[in-house]
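Given below, in the form of structure tokens, are the structures.
Both complexes shown next keep chain A, but they swap its partner, so chain B is in the first and chain C is in the second.
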Partner chain A sequence: MSYYFAIIGTQDNPLFEYEFGTSKQGGDGMARFTEQARQLNQFIIHSSLDIVEEVQWTNGQMYLKLVDRFFTSYISCFLTASNIKFLLLHQPPSSSTLTGGTSRTSTSIAANPTSPQTEEAIRNFFAEVYENYVKAIMSPFYRTNMEIRSPVFRARVAAAGRKYL
Partner chain B sequence: MSNHLPAGAGSGGGGGRAGDSGLRYPSNGKTIYHRPLNRTKTAELSKAAFAYLFAEMVSYAQRRVTGIQELEKRLNLQGHPIGLKLLDLLLFREPPRTQLRPLNIIALLHFIKINVWTHLFGRQADRLEKSSNPDTPDEFMIIDNEPLVNAYISVPKEMSQLNCAAFAAGIIEGVCDGAGFPARVTAHTVGDTGEGGEMWPGRTVFLVKFQPEVLEREALIGAKS
Partner chain C sequence: MSSASKASRLGEEIWKTRIEKVNAELVVLTYGTIVAQICKDFENDYAEVNKQLDRMGYNIGLRLIEDYLAKSNTMRRCSNFRETAEMIAKVGFKIFLNVTPTITNWTGDNKQFSLVFDENPLADFVELPDDGRAQDQLWFSNILCGVLRGALEMVQMQVETHFISDVLRGHDTTEMRVTLVRYIDDELPPEDD
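Let's look at the complex of A and B:
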């Protein structure tokens, strides 16, 4: 299972991006995207912004759950009050890499991108990132739509990823 | 070269650590990310300290301005980023059940009247009104009988147009803009007119004028639901 996480600003500009893999069930936390897929991911995320804009005025929740799907890539969204989008692209491992232990992984978050457990895990991940994001913008030197460069923030996102996904 | 720390602070274990980015951490190793976002109910700021700071902010904004409008604009600009940040902070502090993004004008204005005002001034705003003039359906009014920011500001006679609550108007504007309801917010003194005018000489109306696209969207959402 590989993840690509991006924070998108109000002008559809990226503020932060981070790639990681699952740490559950013996995962090593490394993303398994091919070079081609890594570039495609940014396009997929960008195209899902349209769907987010459609959904955002019908639902006042911050966590918008799964918003889009592109072949085997699923996109979950979390929208803050100031219209900053947290987008998480998750890609279950392709069946060819799943030769051994399918019965064990079938219940894991990785294999079921649409299951309630996955939804809940992603909700927890977003909640933790959101807390750190609010802390980041509390800095008096931070203005809306500035890139988040803090290494502490990056470490916190990585920790949240390890913890929940 | 990078030794700007006071003596003693830098020589300790964590002090003055420089990463690749040249970032420096506080000597106790605690960054903004280590501090909790929730505060205790009683954590309040001294009013005297605020009044002193605000007086300086007004005189800072007053430097090299040509008119009252420009001065108010500058005060407004000082408040704007505060509003943007408050929006996220205050929603974060809401209990998860009610952590909803404001989707319509009424929800947004309620959020300002109740949450923002309570956070900033320790009480709710006094009234919320919609413009009764049918030509201006985009105008809403938040009324404060006694704005805290103006408590120690005395406006000279020749500048009677000025209302320093333009700063608070800027905060409101920041909240509206951030939530996706672009608006112009201005502060007006209406102390001597209207009922109860003698009682509240400093009564201030915050006039919130939304952009036309906000009302357009509001009508669309209303039609759908």
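Let's look at the complex of A and C:
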């Protein structure tokens, strides 16, 4: 499974992006996007913002779960209180669609973007990123809607990715 | 009983009984905002920012010493500079910031020591701007230097204070160097005849 994580500001401006792969089931944590897909991911994320805006007022939750899908790319969303959007695009490896169906892969979060386990793993990931995000923006030198360039924050997002996804 | 443990007991007791507490995050955010604003006002001339922070601290220190003496209730002079250091670290910092920096690296003539801060309540959440200069030039907590300088001046000690390392810059410790320049003699007012 490959992941592309982005934080989007209140003016639909990107604040942070990070690509990583699964570390579960012996994954090496590297993203497996093709060069073309990497360009496309940004567009997919951006287009899903429309759907996020539709969904966000329908329930009081911060975690909106899966909001959008583009072929094999699934997008989960988490909203912060100040309407900053965390978007996670996840793409199961194309080979798993061939080998899928065995009991092992059917429960693995890598192969199953729509399963409750995946949903829960992403929830945990978002919760941890949110906690670190709050710390990052509490820095006095950070202004609203500014790009998050903190290397500490990046490392913590990476750690959360390794831990849960 | 050594003066060190006496001082730390005193600091602990005053902290528990006589100090009004304030939310730490309020302090952190307020101080952080002040520093960020000064940086903006002086267009990231960090040398100037350090100077301003030091001056603000100095003005605080001039008055804070009165509060310190009133609360600590030790109307007795420190017998030497080592005792002064103990009182600064274990009573002064304890009652105003609830931290106790470690006193270390004395020079042979007992006129210079370091305060090593294990935690710095002013610097929570802070990450210095990544403009390539702040990491080398800005002393984020420089106000503390000024406070010490101002406070000690009011009790007849002229000192020189500066930070030599800061965890915010990626160093292992936050360390402030304090040097006693001289004891200020009571100066007679100019005669008016």
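For this structure, a couple of remarks:
Methods note: the second predicted complex is superposed on the first by the 157 of 165 C-alpha atoms of A that agree within 3 Å, B and C clash if a C-alpha of one lies under 4 Å from a C-alpha of the other, contacts with A are read in each partner's own complex, and residues count from 1 in each chain.
Here is the rule we go by: a contact is a pair of C-beta atoms (placed from the backbone, for glycine too) under 8 Å apart; a residue touches a chain by one contact, two chains touch by 3 or more.
Not measured: the values here are computed from a predicted model.
Aligning the two structures on chain A places chain B and chain C in clashing positions.
Counting residues of chain A touched by each partner, chain B versus chain C, the larger count belongs to B. Of the two partner chains, both chain B and chain C are touched by A:Lys135.
Using the contact criterion defined above for the overlaid structures, shared-chain residue A:Pro116 touches neither chain B nor chain C, since it reaches no partner.
Shared-chain residue A:Val152: touches chain B and chain C both. Look at A:Gly26: by the touch rule set out above, it reaches neither chain B nor chain C. Between chain C and chain B, the overlap after aligning on chain A sits in one stretch of 1-9, 73-81 or 163-171, namely 163-171. Residues 135-136, 138-139, 149-150, 152 of chain A lie in contact with chain B in one complex and with chain C in the other.
Of all the residues in chain A, the ones that touch chain B in their complex are 56-58, 60-62, 79-83, 130-139, 143-144, 149-153, 156. Residue ranges on chain A touching chain C, taken from their complex, read 135-136, 138-142, 149-150, 152. If you check the complex, the residues on chain C that touch chain A are 28-29, 31-33, 35-36, 39, 124-130. In the complex of the two chains, the chain B residues touching chain A come out as 19, 21, 23, 31-33, 35, 37, 81, 84-85, 87-89, 91-92, 99-103, 107, 178-180, 217, 221, 224.
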